[in-house]
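Several structures are given next for inspection.
In the two complexes that follow, chain A is the common piece, with chain B as its partner first and chain C second.
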Partner chain A sequence: MNVRCYALEAKYEFLKHLRMPAYAIPSIVFPVMFYLLFGVMFGGARPTAGTTVGTYMMATYSTFGVIGAALFGFGVGIAVERGQGWMTLKRATPMPPMAYFAAKVAMAVLFGTIIITLISATGVMLAGVRLSAGQWLALSATLIAGAVPFCAIGLALGYFAGPNSSVAIVNMIFMPTAFASGLWIPFEMLPPVVKSIGELLPPYHLAQLALRVIGSGMGAPAWTHVLALVGFTLAGLGLAWIGYRRDEDQTWG
Partner chain B sequence: MVGELRGVTKRFRGITAVDGVDLRLEAGKVTALLGPNGAGKTTTVRLMLGLTRPTSGTVRLFGEDPTAPAARQRTGVMLQVANVPETLRVREHVHLFCSYYPSPMTEDAALAAAGIGSLANRKYGELSSGQKQRVHFALAICGNPDLLFLDEPTVGLDVESRRAFWQEVRALVSRGRAILLTTHYLEEADALADRVVVMNQGAIVAEGAPHEMKQLAASRRIRCATSLTVDRLQAMPAVASVRRDGATTELLTNDAERVTRDLLIADATLSGLEVTGAGLEEAFLALTSARGQQSNVGAGGVR
Partner chain C sequence: MRIRPVAVVLLGVVCVVGGAVGAVRARASAEQSGVRPAAGAADTFVIRDVRLFDGSEVTERTGVLVRDGKIAEVGTRVRVEDGMQVIEGAGRTLVPGLIDAHVHAFGDALARALVFGVTTEIDMFTDHQQAAQWRREQKASGGALGRADILSAGTMVTAPKGHGTQFGMPIPTIASAAEAAAFVEARIAEGSDFIKVVYNPRDGFGITMPSIDEATLRAVIAAAKARGKLVVVHIGSVAAAETAIAAGTSGLVHIFGNQPPPSDFGSRAKAAGAFVIPTLSVIESATGTAGGAALTEVPALAPYLTSAERGTLRTSFPNGPGSTLRVQHAMDATRQLFAAGVPILAGSDAPNAGTAHGATIHRELELLVAAGLPAAAALAAATSTPARAFGLADRGRIAPGLRADLVLIGGNPLTDITATRQIEAVWKAGIRLDRQPASTTANASQAIASSAISDFDGASITAAFGAGWQISTDTMMGGASEAKMELLKAGAAGSAGALGITGTIKSGSSFPWAGAMFFPASVPMAPADVSKFTEIVFHARGDGREYQLMVFAAELGNTPGVQAFTAGGEWREHVFKLKSFGIDGANLRGILFSASAPGTFSVAIDQVRLR
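Right, the complex of A and B next:
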């Protein structure tokens, strides 16, 4: 295996997005800003759902950030690169197809890590968040691994969204689901109708896994959330596969 | 032989984009694929590259399936539609593409060959369309490929850049590379190609050496209404082809003066005489519009 081309592909995928303000700013700045507004300024030390608001929101806005980086990186990235014919050109080169997708996963994970680090630092410094070393580790690992299902969902979106509409489409899907999954305000406080929808959505399951680490959340067994996320990953990959096959027969795909 | 299409047909959504095409690409030779928009040139290139599967027929690159990594490692591609990520620098793009190939050129050599050494640190998005074309060329050649696909490579280039580009292509050919070029510009095909293949409506309508195509192009078209039979006209000296369409007869020739004189002597009742200079463009249009009522053109290679 040509390891060097995997590494370079990932490096340039990251640089490409870092230099793209339309991606880098909303991906990194928005989650941190939301956390500052809702998790810190409105009283981070107040108790809620078995922990403090600052700690709870740190978990949910980190989840929000990780999901956003993955959904936009894949959904918009794939849609645009398909539309421009860049993907076609790449497919005609000897680049291993997996290098292309692995680079996008690496990029999403790296952005996710930056977001988690910034939000965690904010929590510790401004909202008095205190976790054990084990909890920090478990929270980061959960969220970073949790990027993968959303890469798969983003991949599917990227194959079905047009290059120009992709940003709007991803936003229209991401924002309401983030809200209904309890990423913005604690799930416990949502109206029952919204809750019953939220329980079916992928961000809910990742947020619950993150909240378990800090001793909060709805209390369902972890395996149910893991199973749901695995299911969404497979569904995303399956849809993406259909889209990929469909592209092969188009003149521009 | 480097690449081959054998009896390849591609249909999608009820449209036959490529219809029974045979094509061979050889080392050290440039094959030019000429034809109007929608003739099937790009689909032919996509089939050769394994980007789309033929409905029937076989495609081989270096004796392998075109999607085989071994085949792709010997192939470089410049596609018409591709736009590349704008926030990466020219050198970064070339650096990445070099990593795909087993024995690539150095980045500097690829940049120099494409004439963009001075743009190495510029972001792709800041370049003019002509400069972008050259980046695409650098990406196509940086892997030292044995076979190069150039899909409309000089669209948007000024005359000077186009000539510099041709120079570079000739240098590659002299080193034994095979090239498949698609183009709208007949001049480009003439300047570069060893073999010109004219496509229309998905099929090959004519092929030959550029000099044969030029001979065709040098020809002139004589239109008239005459009582002479087609056989008689065909037998006249310097007449390349004859086609009768209702009352009008059309002749192609390289010596219009002589044929006109002979015609007027042989048929006193001849009327509606019209002589038009062809030019390659004209010959090309005649070839692509005459499909289905193919004429018996003398200039070799045309079928």
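Right, the complex of A and C next:
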């Protein structure tokens, strides 16, 4: 049955990460560790940009974590599995191709949720972060929905990066863009040149949507960020489609 | 139509560019107009999740929104909007800015008070011109001055040679009931916010000075009330307190301590509608106990106290043998008054011996609780109660529309009143005070080894140590006296030079002076340790008038020790023992050679040294 296919694929994708935690551990540990280092230990209660350092950094490192989970899960995951010929094998099974992608989306959402939960708990317990129930819901929903564009970008990366180079490529793209988008240190503090680059990058727009929820950020209207993220989603899907076609052409002629 | 993946990518790029351009333009226009929500408006902030003492009631875990220097909202539903600064209040207590209902404000008193959370000082006698200037400035600035506001009695009403005339400031006095109306009118013309009267026949505090009589007291109270002014009375005994209550005073600015309260004193004060400012701290000092000394050991206060403040806090008034003054009597009276429903106001009587502006209000709160007031009533005594008693409708409570005078306390003063000393932040009119510890240079006394100060034989006015010589005049207190100093060619005992000081003493200040001042430490008015010497020695000659040698030292507070000398036509050596100024020299801040009698003066000094 179709639904069962989707569920089984998601289940085994999850088991894979459980048994080969090379992806899961860094994805979860790094954002939480960075938040502890920069958001909590450097004075979480200090005021900044209309909120406290602890609250601001909670939003930005949660964004960082969600994006990382999506980019690595898709970008590296697909590149590696393409290299192993796993995709070719799966195409030979009766499983619908979409189940493969749906399982990856489910994993990205699951890991994103775990990261948000851990960072939020850290913020509440160690940095004195206090938000209303509405704000907690809005922040989580924004970030989880915000994983979609990065799944699309990761998908595109996965089709163009080689299996061995993919980790390096994703890191090379992810780390600088995270910095320039203000995920590590508040965007307001970045040099003007970096700021003008950051405003063209997808993480900036998701971070701004998250910061709006907690009453901070640069104050641009939400629609601008949503439009930019929809654009990145389309661009990512379009590029992935081109890459997929290329793979299919190579495999099936 | 068949969708091509390239078209999807292009559409995506168009969306990205559209979104990014929109975001950049919105940010740029926000930055240009100055309304950057992210930066946070300085005068709009929220203190949230805080224990709130609003002046009478306690609310756990609530919020306060401050906007434009005023309290905008109070409650758990206070909304945090874009750009607001958020102050975490968890575990802390927010109280209204403290009001010290009995002080004497001179010099930097108001600024010092604010450091310790006192946002309003009710002054019971100071230079009325200085008070008028402060009043003008605080009105013009809306209270945002980095110092406490003042409400002042200005010149107090006392008998010739009565209490209040001993401080070196010549003040008008009242001899009979017939002068009352005109006397009160003159005080109102000077700007007095309320009238303070000294009535202390058979004083119990050890002040043995003449007092106005009961008829004059009644006449002054009647005159003040006829002009719609609050009138408060200084008393020093049970008898004086009873007379003042019977005469219809608005309040007493001390409680007595010479004997236990009569059993019906509280109910009579209540029936008369009077309030009482017990000033237990200064009464404790008057019994010879330096109760304020403990404040200098509190880690949360000590770094903020200057050496002068530490000095006065560690002193007390000398308590004469046979004195019947007891703090316990004063506390018993306070408890009885509170039980009878009489409003009790916290007042320090700073900067008297044993007290300091700002810091002592925290000792007073402790003593009020020790006397039997619940902690909330003690806090009210320093916030809402004085505001109500003195008609300060815009402060003393935390409620929408009132001025944002606030103190954030680390701890819970409702369970431990001494928690008020754990001051985390002070706001006045919504502006957060940048609390700085008293500078180390102002705290550590610099040891001086050199006995020579100045021989004035060089090419310029120099000194062997310290910050040198400066002109000092009463212009800093609103006066108009002038002085200048210059090197003279011929000095004492055939030496090459001397310091000439000439000038004019003009009336206009209550305490006129002009002269030259030597600062022994590298920073003016910082203390220097000259305790290895016992005398100040100098030569002087002049126009035959009387001059003052004034010595400033930490333990003397703001009031210098004064000795007079006459400068005649011939050079003469003058020797003054440090002890004669009441100091040991360990914290000497300045030596002032000054004239004070009206008219022009000319004096020369030479061979100034310590011995």
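Going forward, the second predicted complex is superposed on the first by the 249 of 253 C-alpha atoms of A that agree within 3 Å, B and C clash if a C-alpha of one lies under 4 Å from a C-alpha of the other, contacts with A are read in each partner's own complex, and residues count from 1 in each chain.
Note that in this section contacts are C-beta pairs under 8 Å (C-beta built on N, C-alpha and C of every residue); 3 or more make two chains touch, one makes a residue touch a chain.
Just so we're clear, the structure is a prediction, and the values are computed from it rather than from any experiment.
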| field | Fit or clash - chain C, chain B, common chain A | value | fit
| request: Could you tell me if A:5 is touching chain B, chain C, both of them or neither one (first, second, both, neither)? | output: first
| said: Tell me the contact category for A:208 with respect to chain B and chain C: first, second, both or neither. | reply: second
| Which touches a greater number of chain A residues, chain B or chain C? | C
| request: For A:95, select first, second, both or neither according to whether it touches chain B, chain C, the two together, or no partner. | output: first
| field | First (chain B), second (chain C), both or neither touched by A:200 | value | second
| Thinking of the overlay built on chain A, is A:130 touched by chain B (first), by chain C (second), by both, or by neither? | second
| Counting only touches as set out at the top, which of chain B and chain C does A:232 meet: first, second, both, neither? | second
| task | State whether A:221 touches chain B only (first), chain C only (second), both chains, or neither. | result | second
| request: Considering only C-alpha atoms, give the closest distance between chain B and chain C in the superposition, rounded to the nearest Å. | output: 19
| In the superposed view, which residues of chain A touch chain B and also chain C? | none
| Quick one: in the complex, what on chain A touches chain C? | 45, 47, 49-52, 55, 128, 130, 188, 196, 199-200, 202, 205, 208, 212, 215-221, 223-239, 241-242, 245
| query | In the complex formed with chain B, which residues of chain A make contact? | reply | 2, 4-5, 8-9, 12, 15-17, 19-20, 81, 84-86, 88-89, 91-96, 248-252
| field | Partner chain A, residues of chain B touching it in the complex | value | 12, 17, 42-43, 46, 49-53, 69, 72-73, 75, 77, 79-85, 87-88, 92, 95-97, 99-101, 123, 139, 143, 149
| note | Counting only contacts in the complex, chain C reaches chain A at residues 5-20, 22-24, 26-27, 30, 36-40, 48-49, 80-88, 90
